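What follows is a single structure, and I will ask about it in a moment.
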Amino acid sequence: MNFLDLIWLIPLIPLGGAAAMLFFGRRLSMAAIRGIGPGTVGLSLLLSLGAVAQLAGLENKSHEVVLYKWLPLIGADWGFLLDPLSSVMILVVTFVGFLIHVYATGYMAHEHGPHHGGYYRFFGYMNLFVFFMLTLVLANNYPLLFVGWEGVGLCSYLLIGFYFHKKSASDAANKAFIVNRIGDAGFILGMFFLWTLTGSLRFTEVNEALASARFAPEAGVFGLLSLTGLLLFVGATGKSAQIPLFVWLPDAMEGPTPVSALIHAATMVTAGVYMCARSNALLALTPETSHIIAAVGAATAILAASIGLVQNDIKRVLAYSTVSQLGYMFVAVGVGAYWAAIFHLYTHAFFKALLFLGAGSVIHAMSGEQDMRRMGGLKDKIPVTFRTMFVASLAIAGIPPLAGFFSKDEILWQAWSSPLGAKALWAAGWATAAMTAFYMWRLMFLTFYGEGRMDEHTRRHIHESPRSMTVPLTVLAAGSVVAGWIGMPKVFGESGFQQAFEHWLEPVFEVAARAMHGGHEAAHHDASMEWALMGLSIGAAVGGILIARHVYLRLKEHERPSGGALYPVLYNKWYVDEAYNALFVEGLAKGGGGAMARFDAAVVDGGVNGTAWMTRLVSKISIWYDTWIVDGLVNLGAFTVRALSFPVRFFQTGYIHSYALMFLAGVLAIFGYYWWVR
Amino acid sequence: MSQYYTATDHFVLLPAILLALFGCATLLFDFLIFPEAKQRRWLLVFLVLGEAFAGAAFWRQQAFLLEHGGNLTAFRGALVIDHYALFFHWLFVAATLITGLVSYRYLEVRDEHHGEYYGLLMLAQTGMYFLASGTELVTLFVGLETMAITFYILVGFLRADRRSNEAALKYLILGSLSTGFLAYGFSVLYGISGSTRLSEISAAVAARDAWDPVLVLAVGTAGAGLLFKISAAPFHMWAPDAYEGAPTMITGFLATASKAASFALLLRLFVGPLGPARESWEPLLAAAAVLSMTVGNLAAVTQTNTKRLLAYSSVSHAGYILLGLIAGSPTGIKGVLVYLLVYTFMTLGAFLVLTSLARQGIAGDDIHDLRGLMKRAPGHALWMLVFLVSLAGIPPTAGFVGKFFIFWALIETGHYTLAVIGAVYVVVAIYYYFRMVKAVFVEPEEAEAGPLTVSLGTRVGLAVTGALTLAVGVYPEPVLRLAQMSISR
Amino acid sequence: MLAPITTAHYLVLSAILLLIGVVGILTRRNVIVLMMSIEIILNAVNVNLIAFSRNLDQLEGQVFAIFVICVAVAEAAVGLGILIALFRNKETVQVDEIDLLKW
Amino acid sequence: MTSNLLSVVLFTPLAGLLVLLFLPREKTALIKWCANLTAAAGFLVSLPLLWRFDRAADGYQFVEKKEWIPSLGVSYFIGIDGISLLLVMLTTAMGLIAIFYSWDVIKTREKEYYAMFLLQQTGMIGVFVSLDFLLFYIFWELVLVPMYFIIGVWGGPRKLYAAIKFFLYTLAGGVLMLLGILTLYFQYAAQYGRYTFEITELMKLNLPLGMQQWVFWAFFLGFAIKVPMFPFHTWLPDAHTEAPTAGSVILAAVLLKMGTYGFIRFSLPLLPRASTDQTIVTVLIVLSLTGILYGALVSLMQQDWKKLVAYSSVSHLGFCTLGIFALNEAGIAGSVIQQLNHGISTGMLFLIVGVIYERRHTRMIAEYGGLAHVMPNYAIVFAFAMLSSAGLPLLNGFVGEFTILQGAFQANRWWAALAVPGVVFGAAYLLWLYQRTMLGEVTQEKNKGLPDLNWREWAVFVPLMLWALSIGVYPKPYFEILEKPVAQIVHRVHQASASVAQAAEPAREAISR
Amino acid sequence: MTEAIFFYCFAALAVAGAILTVTMRNAVHCAISLIASLGGVAGLYLMLHAEFLFAVQIVLYIGGIMVLFLFVIMLVNLEAAARERQFHRAWAGGVLCAGATGAVLVWFWSRGLESLRLPPGVQPTPREGGNVESLAMVLFRDYLVPFELASLLLLVAIVGGVVMAKKRI
């Protein structure tokens, strides 16, 4: 059976599930939904495995299936491309997706009920998401990728706003969608540029064109290619929550925890990274843009991590951690280590999904409590959750030999050594690593160690989650341990297995590699330096953990360092939202005058609503213009006609005299005219 | 004797004779045998017969012309029968018939139903006959006066109604004033040409410079008189008052037949003898046309009396028709004829609907009287819609065809500005016509509104005018042919 | 001493008469006087016509004048009739009191 | 093709109207049946056009030509190409839906109501099939009257103001357009010695640029007011807001398209040099872009649900005109498809407003909130319509917008760059509307226990949703239908401008030397 | 010479009568002075060798119309009217306007006179049968139509007078 020609089924199966549940969900039994939801994803997983296995058999390592022409004028087909890159992505998506679906069957159980059809709705959306995500990663051209891109955005909108009766939820949903739209604007323009430059939007053709001699690397100049790359990256910043568009992700935690795990940690948010990796041939030609990407990535990483240090909402900590890890990936992209970016994406999928699911399990146990300050001492009460999260925390902190260590270390090393790299980038990465270790273990200690700080009622109800939830945790934990072993640094010795990941992806990035050849080789001569850096990063991780342990385990509440002036800054997320407020709201409020009051509602929270507020102010003005100028003129015309009507009629006095006078005036006018002309 | 009254003369004059005879017969029989108002309906028979015979006579003339081509002059060039004249004759026949047929119910309601009415209608038509066919100043003058005086009487026919008296008086005095000026102009024309025949006058005029002072005197005074008759601004002041006071159907007759006849004369003069002087009078007429459209449309916008409203609108229509004459090209003249034709039918129709609104002691000429007409009489309402839409000049109704020609002629002759002005005023016109539409269809019914006073005549008249208004709009070909034929000499 | 009388004199005279008639119409309030003024105007026209016919040594002008007189007569008759009808309803002959119809 | 299928399509509604007129006004059920059957028939007879239409053929198909007013050179000359085909199908389909929806919405003066609708159907189809300019104009004006009544009689509180405003605006444009038409008419006579209104003939004219520009502006007024383009748009919100639901549906779905269609069918091919003229194109583009952003911004602020949708139309139509005056295949094809999409999506949105209006009799957004709890199906349909209007991929809106943007980008990168924010705002105001009406808790007591969609409403929405989805997923056939005619128009336009360029060439050399 | 004297006398009579007509307070006086004016004009006709018209003027106008006028004046009692203000408020405007018209007329005449080739008093060609008969020839040969039409006009006038004036028809 040839799976390669069936790859179009991989996204379609979940779509079927989604359709089934959204249309007939109300008639389906809970069991049926439990079956369909994860079932369809599992099926896609199997198909993907089969397909990837067969792909390994091909020597050109890429296979396309074109269903039909979709947008003829721009040459966008409804076609799928399976190559190493997309194969990694589909495996991650289907595998993690499958586990999270299984987990959700348990987690969302209480959503089921006659009046509140949340359960089928949830799985419907989730399956729909999987469909779009798979379309995104399997697409063989940018427009189709964009279909998935928008689709996942839609699903994220639907799922963030899942509890739509909560204002905060629907606000967050809107925020997410609109911020993403801003990114998309850049993406669309980027596509058009790419299209005009290369004459196609099909990945293979685009890469060929870029590889051809027509395009020289724009070293030191910011030309069209660089602009194109930048525009695409703008799209990525929207999806992958980078500066300046990251504000939506923390709010997105309004959604159910499995959603956070699947969409806002493992898969969707990494779409930006994937897209940049897809465009590697382009980015390789545009060092300027690459620098910008790396810088933004590093900045985001540090910023988010520092915010993560002090958050008390368990899910928010993880959210900021996600943002910062994404920053990592973009650093990798920026320095041209695309495979490293994908590698980190892949490992991150495991442990971050695990962390979220674990957090979900904790929240489940704490009957909805999310504030870590009211937790503690859960270690024995929910052992499975504890152990799995323990592993995950080690992994994300970068403790060898867990998955996180290898991917993160590779990125750091590339930041240091790649021709596009820079010591500063490395430093940023290193600092982030330390902070990551600290806030993750702060989370662990606050949650699981010490004595419980929750009230009696909750304490009594604490219980381990059902197996439907714990099993996925365990599997993911295992993943977090071993996932990294296929991407070891060459200094660990080279073998088909140890660098399997890099080799597997090579064909995809060879164009890029050719564009900036020599980078890797040059770096690897200096093994000792690599060892040293490795040591430093391990040190950072361990140090972070130990500090966290000291502060949150040894010291009592009051003894803990306040963090001085920095604490409020961090706690208030560097005042970014407030900054947006100040920029868009306060500034305009001065101009906007009294209108301010009306829009308080719209101003409550920063960034996007701020912009929204600004736009509404503008539109307010334009409405005024509409009614008073445009319409005004017309009505003025009508008014003048009416107004003129009366004087004209006023001549009609009803007196024969005035009529005769008018007659004579007419005669005079006639002769006057002649007299005047002659 | 025969040399004074040849067979040709007879053939040409016959319709007028018939009309006059039947008119007198009506008067006579009215005195003799119809003491009761109800019975006087029978006098309609005379009207119909008269028109039938006259029509037959016209038909024979038309047939003759079609056969032999050219045209028939009689009485040493005092009268002429050409397609141009016949076009108007047919118009008059139709207008008079319709007016007569639909009037009786109205007159009975206003209890002023007298036989003289029908007689006068026909005598008025006789006057019009000479206006359309006359080619000699005296004939034209006397014809014009015959028509005018008849109209003074008809306007004042509701003797018990003060508004009617007043209208008649105003119309008479102002009319006479204009007649004075017209006559003065004619006298000057006679002075410079030494003859009253248009052919010789045109020779004399052609011999003179367009800006010759004496010629200017003639054109100025006579022009003023004529513009008065077609109620073009600034000589329109009589129109709204006369229209409002007159019996509604007479208003219709006045607005259509009288206007058409006066235009017949206007064209005969300005295209014929005064043609050579075009450069001097064209700007004047243009000014008058623009002024008419302005005054008519603007004044109508806020008018609440439907008859006055239509009066003002007729002023603006006069402006449009003048535009055709200003363009002067064959298209333009054709446009004038077509416009007059469609204008006649749609205006008559509109007044016809208003007529049926009259109730005991109520003229029914306020815009409120139209309210809820759709409920009271859907048939009337729909026809009214047709007429108003046509008056507004929206396709596919006859009104559009007329405006189309005018605009076409203007653009053809490069009068772009005039065309744009005309176009803009079309929009203004929509505004007030649709105030009536609004009243008819949208606004709620008046509480005390009784049933309409509808008669067989009204139904027939409505059917005819409405059908024609629509038909000409949808398939104007025959009318265009007719118009084409009329201007081909 | 006195210049020979030419048609010009008659034309001027007629102009003056016309003028007076117009003044009458424009200034008097009495309907009857208005009608008389009209008669004056028509007379002015007649003077014109006769003068011309004399000058051209023709008779058409005189004929025309006859018809003008006819018209004047007819107008006077009808006008007076209308006046009576009006007077029956509204006891006035002052034209500026006759203003039911306006605007 | 000598079949007179097209005439059948054109006059079916009229025939139904005649039957309708003879039905007694009391028998409302009978009248409704008559109207619905006629509309259905109208739709069915238009279906054969689809499969008998030859996508490969150049020029017009189903052409019929009969003398009508020979002495003016006016003929009954109809025929369609791909562009008209799509719009005719849209007209028949939306007509059926609108009439069907009105079944138990309109409870007063049904006879007149349906009569007006059928008359309007004929008028609109006529506009799209006429190949004779005067015939076109007649249908164009004919459409006004029924719409005036539909708004003025069955409309909302300020219906009279809205109706007359609609009428005056569009008529003013129309009359000036007529002057433009006559100018062409006369010029043709001057050059070829005979009078005709057939656009196929008029295309042979080559006029000096100056005159083309004047005529273009005359046409522009007619079309731009109808579209409506930015400064002329103010009649639209009023008309839409006051019109009865079905009225707004037809108004949005079909009537506005008459303007854009006019640009494509007449302005571009008949006045190629004017429509490639730099200043004119710039002005048109600037207006379109303004319209896009302006409409979006204004709709952000609306408190009135229906007005919001109305203003969104201004924005969408801005995209259409932008595409047209990109003057390339992608732009024009995209524009036509977007016109179709706008018909479907905005039609749906208006129907959605209508559904809730029938239940609550208010359009104020503040009156609602949390409806998704009460009317889940309604919420789903609304979400669908919203997304298709916001241009989400896989739904119709995206195909049109994306192709238009592509065309604009080809023509000038900045145009696309400036138009793209429109997409963002598009999402913004719709999502915000959705949040305020559907999401959150049910605030108003009155909103509790509103009935969800009934079968008739389902029957109206489902086909539209399917249509939207089909265009989004498989737009190929539409592009195929449009390929030929669009190519011809573009070719014609650029040929003309090229000839001008050649004329200008020597001059440029002279300068360069 | 004598002709001139006569002319000025008649002209003076006509003008004076006319002026009085439009200025007298009592309508009867107006009528009388109108008669005078018409008489003056009649005299001028005589000087212009239009004897027939002279007769018509005297008989028809002065004998017919003026009587009619007087009847009406008697019918509608004018004491009230006579006691009222005679001139319209805006009379000045009227006079001004009329004056302007007159000025214009004279101005144009003065400019155009010579183009009319008006020789001083030529003797009329003596026609056999004198003015009346020759006039009759013209009237009944060339102007037959208007003549017949005029009869119709008068008929209309009669009917109109009756219809308007009679209380109950």
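Each chain carries a letter (A, B, C, D and E) given by its place in the written order, and its residues are counted from 1.
In this text, contacts are C-beta pairs under 8 Å (C-beta built on N, C-alpha and C of every residue); 3 or more make two chains touch, one makes a residue touch a chain.
Please read all numbers here as calculations on a predicted model, not as lab measurements.
Q: Listed by label, which chains are in contact with chain A and with chain C?
A: Chains in contact with chain A as well as chain C: B, E.
Q: Which two chains are joined by the greatest number of C-beta pairs in contact?
A: By number of C-beta pairs in contact, the leading chain pair is C-E.
Q: Taking each chain's centre as the mean of its CA atoms, which one is most distant from chain D?
A: E
Q: What chain lies closest to the overall centre, CA atoms only?
A: D
Q: Measuring centre to centre, with centres taken as mean CA positions, what chain is farthest from chain A?
A: Of all the other chains, the one whose centre lies farthest from chain A is E.
Q: Between chain A and chain D, what is the gap in Å from one C-alpha centre to the other?
A: Their C-alpha centroids are separated by 38 Å.
Q: As a quick test, compute the distance in whole Å between the mean CA positions of chain D and chain E.
A: 71
Q: What's the distance between the Cα centroids of chain B and chain C, rounded to whole Å?
A: Here the centre of chain C sits 27 Å away from the centre of chain B.
Q: Calculate how many whole Å lie between the centre of chain A and the centre of chain E, each centre taken as the average of the chain's C-alpha atoms.
A: 104
Q: Of all residues in chain B, which are in touch with two or more distinct other chains?
A: In chain B, residues 138, 141-142, 145, 149, 152-153, 156, 159, 168-170, 173, 177, 191, 213, 216, 240-241, 431 touch at least two other chains, as defined above.
Q: Would you pick out the residues of chain D that each touch at least 2 other chains?
A: 168
Q: Touching at least two other chains at once: which residues of chain E meet that condition?
A: If we look for residues of chain E contacting two or more partner chains, we find 88, 93-94, 97-98, 101, 105, 108-109, 116, 142-143, 146, 150, 153, 156-157, 160, 163-164.
Q: Output every touching chain pair, sorted by label.
A: A-B, A-C, A-D, A-E, B-C, B-D, B-E, C-E
Q: Looking at the complex, which residues from chain B come into contact with chain C?
A: It comes out as residues 137-138, 141-142, 145, 149, 152-153, 156, 159-163, 165-170, 172-173, 176-177, 179-180, 183-184, 186-188, 190-191, 194-196, 240-241, 244-245.
Q: Looking at the complex, which residues from chain D come into contact with chain B?
A: 25, 68-72, 112, 137-138, 141-142, 144-145, 148-149, 152-153, 159-160, 164, 167-168, 171-172, 175-176, 178-179, 182-183, 185-186
Q: Spell out the residues on chain B that touch chain E in their complex, using ranges where they run on.
A: 4-5, 13, 20, 24, 27, 75-76, 78-79, 114, 116, 119-120, 123, 126-127, 130, 134, 136, 138-139, 141-143, 145-146, 149-150, 152-153, 156-157, 159, 168, 191-192, 208, 212-217
Q: Under the touch definition given earlier, write down the residues of chain C that touch chain B in their complex.
A: Touching chain B: residues 18, 21-22, 25, 31, 34-35, 38, 41-42, 44-45, 48-49, 52, 55-56, 58, 60-61, 63-64, 67-68, 70-71, 74-75, 78-79, 81-83, 85-86, 88-90, 95, 98-102 of chain C.
Q: Given the complex with chain A, which residues does chain E contribute to the contact?
A: Its residues touching chain A are 88, 90, 93-94, 97-98, 100-101, 104, 107-108.
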